[in-house]
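Next up: some structures, all given as structure tokens.
Common to both upcoming complexes is chain A, partnered first by chain B, then by chain C.
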Partner chain A sequence: MFRATIRKPHVIISYILLFILLFIVVIPFFRMVWDSFIWHFTDIRLARGVNPGAFTVFHWKRIFHSKLTRNVLIEPLFHSISTALGISILAMTIGGMLAWLVTRTDLPFRKTIGTLAILPYVIPSYIHALAWLTLFKNDRIGGAAGLFQFLTGVSPPNWISYGFLPIVFSMSLHYFPYTYLLLSAALTSIDSRLEESGEILGARRSYILRRITFPLVIPALLSSFILTFSRALGIFGAPYFLGSPVRYFTLSTQIYSNITNRVPAAGYILALVLIAISSTIIYFNQKIIGTRKSFVTIAGKGFRTQLTPLGKVRYPALVLIILLLIIAVLTPIILLVWQTLTLYPDDYSLKHLTLLYWIGRGGTEFAEGEAGILRNGAILKATWNSIKLALTASILSGFFGIFIGYAVVKGRGTKLSKLVEQTSFLPYLVPGIAFGALYLSLFTNRIGPIPALYGTFFLVALVCIAKNLPFTGRAGITSMLQIGSELEEASEIAGARWGRGFLKIILPLSINGAISGFILVFITVMRELSLILLLVTPETRTLTTMTFRYQEQGYTQFSSAISVMIIVIVVIGELATRRLTRKSAI
Partner chain B sequence: MADKVVEVRNLTKRFGDVIAVNDISFSIDEKDFLILLGPSGCGKTTILRMIAGLEEPTSGEIYLRGKLVYSSEKSIFVPARERGVGLVFQSYALWPHMTVFENIAFGLRVKHLDNTTIKQKVREGLAYMQLEEMENRYPQEMSGGQQQRVALARMLVSEPEVFLMDEPLSNLDAKLRLEMRAEIKNIHFQTGATTVYVTHDQVEALTMANKIAVMNHGRIEQFDHPKAVYKHPATLFVADFIGSPTINKIKGKIDAEGSGGKVKVSFGNFSILTDYAAGGVFGRDKEVVAAVRPENISVVGERGKGSPENVFSCEVNTVLPAGPETILKLKLGEIGLNLLITQEAEYRKGERVNVYIPPEAVLLFDSETGKLMEK
Partner chain C sequence: MRKFFTLVLALLLLTCLLMPAVAGGQKESGKKLSPETEAWLKAAKLGKYAEDTFDEAALYEAAKKEGEVNIYSYSSRVFKFAKTFMAKYPGIKVNGFDIDSGEIVTKVLAEQQAKNYVADVIFLKDPATVVHELYDRGMAFPYVPPDLKDKIPPEYRNPFVGHHASVDTFIYNTSKQSSPPIKSMWDLTKPEWRGRFIVADPQKLPEFLEVFTTIVQHSKEMEAEYEKVFGEKLKLSKGVENAGYEWLYRILKNDVVVVGSSNDVAKAVGLASGDNPPVGFTSFSRLRDKKKNPNLKFQVMFDTTPVMGVATEVIIGIVNQAKHPNAAKLLIHWMLGDEKGGRGYAPYYVLGDFPLRKDVAPPPGAKKITDMNIWASDPKYVWENGQKVLEFWVSNLK
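This part shows the complex of A and B:
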């Protein structure tokens, strides 16, 4: 038996994959757990009797049972959960309504709206937060006030400028397309015959909607709620920009500030808390809803569905949706562009508009000599870094995904195959900022023959590859399932060795299927902030992390201008996907 | 004696706890057309894949032209690419990213033939399968029948020692299936290539094969010529599986001797005369199944005076006319009888008809073992 097993190439590939996954996923996790139990040099400031490298439960005690617990753990946890709840409820309401209107009613311009509706999700999430600041920032915290105060002269209260409300509002605008996509997929996959049977039996439209359609999409509804919730739980940009200035911390911003304040162990523990919560949630989603989902009768084909006439509300609904799209897409972009043209951060008047921040030569008269972003060497370098990073990560994790798909599909039914599939899914459970923390903890020092990778481009690329494996692995499995084992067997019968069959048959066929996955990763990495924030150094910084730094330092024009550049690149990527695959990358 | 082209000895394949193929042995000679026939899940495709080298057996031996290609004891496993067999898959397995030409040329390129030879051979194959105009098409641009031809051409040009075919016609519609059946038979006639062919379609098996292995639950129930399989099914399973409509089965007991020292079988209030000689294993009250092919029963007019034996009065239950022939479903007491008749006659439901079952058409199977009893 052993001999038979060992000869199969997919088994060898499985072991190689597991070995790599061990290094890029499993070991970082255990290393982080370990790091939370030892003294660090920087802990000398916190306690007496510090013995760097020795075992201690000091940090766990400090987080879970000390005077700090309330500020470091309880409040951020509460803020994380309450904002995530708010975001997922609001996003689901907007996304659900939109999905129903677009897929099931006679709303005018449904197709166009369906296409535009995912745009808010394409642009990086923190851009909605930056746009909010541009609009509603007040001058109480310090720094320049926003457009609202400039136009009305009224300084918005803190609860409008910062904290719970703006985080929930701006992030709902970012996340509703996600629920929209999940729900419209569920709605279009309902066999219309189920509804027609109800109609034949004499049921009214509203009754059918209530008793047949709605119950059928409940699992998808719950699932999208939970997925949105688990994602919202780990968001970093928005709570950082909109929360931290008023000391409204969430778990993810606490992780960041603990690590940057050189209490890494505390950051690691909070990251573990965040990982534990999101894994639990996703586990329940798989266990409970995963099984109930089965009664959504997905047949893969679009059914002809009867559209519900909206009657009098047809046009009011359209107007509402257009308003929503203006608020969610157009306004943030216009605000950002406007911001980039203002000479002084709080002066939005037309006579003071300038292109200095785009093409300025960088004299001594403004912005501490920084040149406009199109002439600025550091920014051009960051652009190059971003593109290089996104390309590297998407190509490598795409290939990785093809191999995962091959190993998993060929080994279907074996424990090895399951193990590969599950291990490659693990990064999904870890929120970006926590994943960055894992890598920070593992690769700061040299481990055996591996030199300290901190500060290298390789490390940043590695974290992006690892974090995206769940998506490319999925894509790889799906495309491999479509290929069918007979195509490979036919090449073996024709006398070809495994390598030739893989190169000539499997690879060309799966690359076709993997290309949208590849662009998805490109876009994701292009707008990635929280994952790489802890790992980049001035040498390796990207557009996103530069936005972050400029925003921190108050150069809002620069940060906005870079954001605009990111949007442009990402939208081009999204359009390219549609060209190539006739579907969205998201 | 020349080596057998394919020989399989004590071949067994387990998938976990399931025994897919259970200790099977058989062999075929040059120019044989063997059909592995059986219901889905009987292990026929697994045998084919083990011969091809795509599946590793659990135990046993496989020889191709006298060469040992698999042996569990000697730890020999020759991979598929070195066995020199050709295989046509059920799904055809044409590579969708290659043109018809490239699909057919693949095996030749693997053998490092020069381009002129490849071109020539592919063109020959295309011409042979009447696909001349198609070489630059992609498989998905062709009809199912054309794809099938490409798959056959791909196998033919590599000139394999054995042709293996895994239900190649099951994805075609009925009319095309008839055409391709003739075509494959013709290819076999012209090339004389030894062929192992898997199907669950008994008509396909009866029309194409010169040897049939009827399989059930991982075992071969009968390995014989098509006619023998039809006329003398070794087991009740074979009798039941082959023939359409299915053979009539009457459960009964051996009764007192009938006329001329022949066995009589009684069931319900009736009894039926056979031409099995009484005595020996045919003891009184032994439980047997009497089986009669539907086409061997005939409708007779008035109850014949000369031979009242084996004439039964039945009630017409269903009439299924199908062009040249008609299937009659009759009721004889509690039992249903199928008849296949070619006479042009009208029957009505509920009508009573007399049917005659010739004694020599009755096959007796042992109820316990399910085996055909010797005359």
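This part shows the complex of A and C:
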């Protein structure tokens, strides 16, 4: 009986998957824990008696119980949590209201708004931060002020320009589409008959909202809050650019600076703290909502939903939403484009506009002689790297997902199937920068027959594939669930071998369902920064990491120009998705 | 719950079994070089196999066969001298990468460990780190072009060849002020300069850590200066060791603004409008930015006491197992210029960067580095105390 089970194709696939997953998900984690407990060569700067490779609690003591603890651990931890809370609350409010307006009321142009509402999420998150900086930068770090000061002559106070408020505001504008998607899915699935009964019994609209609609969506609200919170916990770009001028650090920025300062063990320990918090939170989410509903794909539901008429507030609401979309989508783009056209940094006057940074020949006094980005070999190479990475990651991750879907669904109910499903979900628990740190820790050395992967394109692709497995795995499982097993059994009865059945029946059917997964991963990877920042080398640079580099060194025109390029590519990708599918998946 | 634990236990066991294969220890072989490195040194004619004569033609031929060279440079001016090199030696492509010094070391270490050799030449600051973390482990080697050996003082080829000395100094905004607003470094700890002193981040840029460490090294002079300015003996704050640390402590408590690059400091000070512009501490050579941007109005404060600035050395090296060693040597020779400065050295023949060759006069308008009132950073002291200064800085940031 056992032997028969072992021979079943999906069981074999499950074991293979498990083995691969072990290597790309589980082992990096344990390796990082290990690395936090040993001396590294670069520790010779930090202490005496360093014996590289030997066990030590030095790093743990240094992070948790030394003069540095307050500024390296406690404050950043507090900041990470408080910004994540702020972002979640604000994003939920905006996203929730938008979701209700679009799905449950008679708001005009609902459909278009639904499509456009996704766009802020599609733009890399740090771009919202940079746009804020362009707008509100004050005298503190740049005698050159931002656009606001340029236009009005009034210098914004520090707490508007940098730190907690800008991070929360700019990131809420980035994350509200995420909460919008989660909540609109929940709202669409409410049976309006419950509300109708309330109406029949004479209740007022506000009462129905309060006592019927709202309680029905509370589990979804809670779940969305938790998912947004764990996402926001790991943001890197915004705190890096908006926090450092006022020395406002978060765990993610501390992880980055410790690793780049060659104290990797400190970075790993902070990453472990971040992972611990994130996992605990997601664990609670699973308890509340159960695994099936944690990733929501919106497919239209059968029953009718009665729309609430908005009456007098109809057009004011529309105006408000248009304003929101303009602020969240158009403004960052316009600001960035304007900045790329400024000849002298931070001089926004119209008489000093130039196309130098786009098509300049290079060799001039400006920007140390680098050519404009459309002529710049390094940047064109980075564009190719970004696209290559996104394509590779999405295709491979998508196929991986299909196999995961097959293994999990065919083996439904068995412990093996559950194991595969849960292991493929693990990367979701780990914030981007921490996951990058895991891979840095593991793949800088050779592992048995596998050569060290540091510096290779393959490593960057691998980390993107691994990080997106939760999505593609879920997409694979969902689409496989929709394929009845009779189809495969029919081919077996007709005498075809398993491989043939899989190739000719299962694969074509599941690819259809997995397309939205492919495209989602493509867009996610195109805008990825924190995940790959620690792993890219000059050869494997992407557009996002080059933006980061230029911004760091104060070459804002270049960084903004590249950001605009990324936005263009990514928005085209997202709108193309809309054409190809009707679903909006996260 | 039990199932969850069994899962975790099973995974743990599995990983323990695989750990030895994965743990990949970091065995250090000490100063002895590995056979691969010896072989490479012999083929590349570096280290103890270095030649005594410089044969440009032969080197050019060999370099053309290699076809290209990768240089990791702390300075974005790499693109400029790359261009002139490629004009002088057609057939050799220079791939310049602009990366901070600290990150250059990190990347070289990772590349060496992974045996994925990309960098050929490294051009960076913080010689102490390069010597202890790279040279001592046989990961980077010096190259002093034989024809320049007697033109470069021995202290600047010890062992890596020094390209130039960069001075970091105090600058002030000149749009409304015609003379420096401060006389002494200790003025910056006074209340009127709260939030108006801008520095570059020592956590990101090791040269600024070198600078701060040098200030700590000269704490006796800092103490004497304090007494001159305030007319009383310096009382150290709690937990502060000496006058150098005290200065760092006080500017941190006085809300010093920390930005990410020397470029940002120059912009912050130079573009300031308004009546209370800040002062900054940045690279002297940022004066060259004024040529490209007439809106930048700042000048160096030459008479600050006890010193106007700190000098740090910029060095060049060749990375172990570099794939294009001959092109690398040719590039280094080009970078060091000639007795008039030279086209290869030209991007650095500017005010604020000091050539180290004995036969080169300082750039027009500049004094000789020995005639300036600066402290020179001492790589040995920096190595032994730099981390301590950094931790002091980090623990007092808030």
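Everything below uses one rule, namely that the second predicted complex is superposed on the first by the 565 of 586 C-alpha atoms of A that agree within 3 Å, B and C clash if a C-alpha of one lies under 4 Å from a C-alpha of the other, contacts with A are read in each partner's own complex, and residues count from 1 in each chain.
The criterion applied here is as follows: contacts are C-beta pairs under 8 Å (C-beta built on N, C-alpha and C of every residue); 3 or more make two chains touch, one makes a residue touch a chain.
Small disclaimer: the values here were computed from a predicted structure and weren't measured.
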{"item": "Side-by-side fit of chain B and chain C on chain A, or clash", "value": "fit"}
{"item": "Which superposed partner A:N261 touches (first chain B, second chain C, both, neither)", "value": "second"}
{"item": "Contacts of A:R193 with chain B and chain C, given as first, second, both or neither", "value": "neither"}
{"item": "Contacts of A:S244 with chain B and chain C, given as first, second, both or neither", "value": "second"}
{"item": "Angle, in degrees and to the nearest 10, that opens at chain A between the C-alpha centres of chain B and chain C", "value": "150"}
{"item": "Contacts of A:R211 with chain B and chain C, given as first, second, both or neither", "value": "neither"}
{"item": "Which of chain B and chain C A:L509 touches, first, second, both or neither", "value": "first"}
{"item": "Which of chain B and chain C A:R500 touches, first, second, both or neither", "value": "first"}
{"item": "Touching partner for A:A490 - first (chain B), second (chain C), both, neither", "value": "first"}
{"item": "First (chain B), second (chain C), both or neither touched by A:L22", "value": "second"}
{"item": "More chain A residues in contact [chain B versus chain C]", "value": "C"}
{"item": "Closest approach of chain C to chain B (Cα atoms, Å)", "value": "18"}
{"item": "Touching residues on chain C, where the partner in the complex is chain A", "value": "3, 7, 11-12, 14-15, 18-19, 21-28, 70, 72, 76-77, 79-80, 83, 95, 97-99, 102-103, 105-107, 109-111, 113-116, 118, 129, 132-133, 137, 173, 195, 198, 201, 203-204, 257-261, 263-264, 267-274, 277-278, 291-295, 383, 386-387, 391, 394-395, 397-398"}
{"item": "Complex contact set, residues of chain A against chain B", "value": "3-4, 7, 484, 486-487, 489-497, 500, 504-505, 508-509, 512"}
{"item": "Chain C-touching residues of chain A, taken from the complex the two chains share", "value": "22, 26-27, 30-31, 34, 40-42, 44-46, 52-53, 67-68, 70-72, 75, 139-145, 155, 244-245, 247, 257, 260-262, 344-347, 362-363, 365-370, 415, 419, 422, 440, 442-448, 451-456, 537-539, 549, 552-555"}
{"item": "Partner chain A, residues of chain B touching it in the complex", "value": "52-54, 56, 75, 77, 79-82, 85-87, 89-91, 93-97, 106-107, 110-111, 154, 158"}
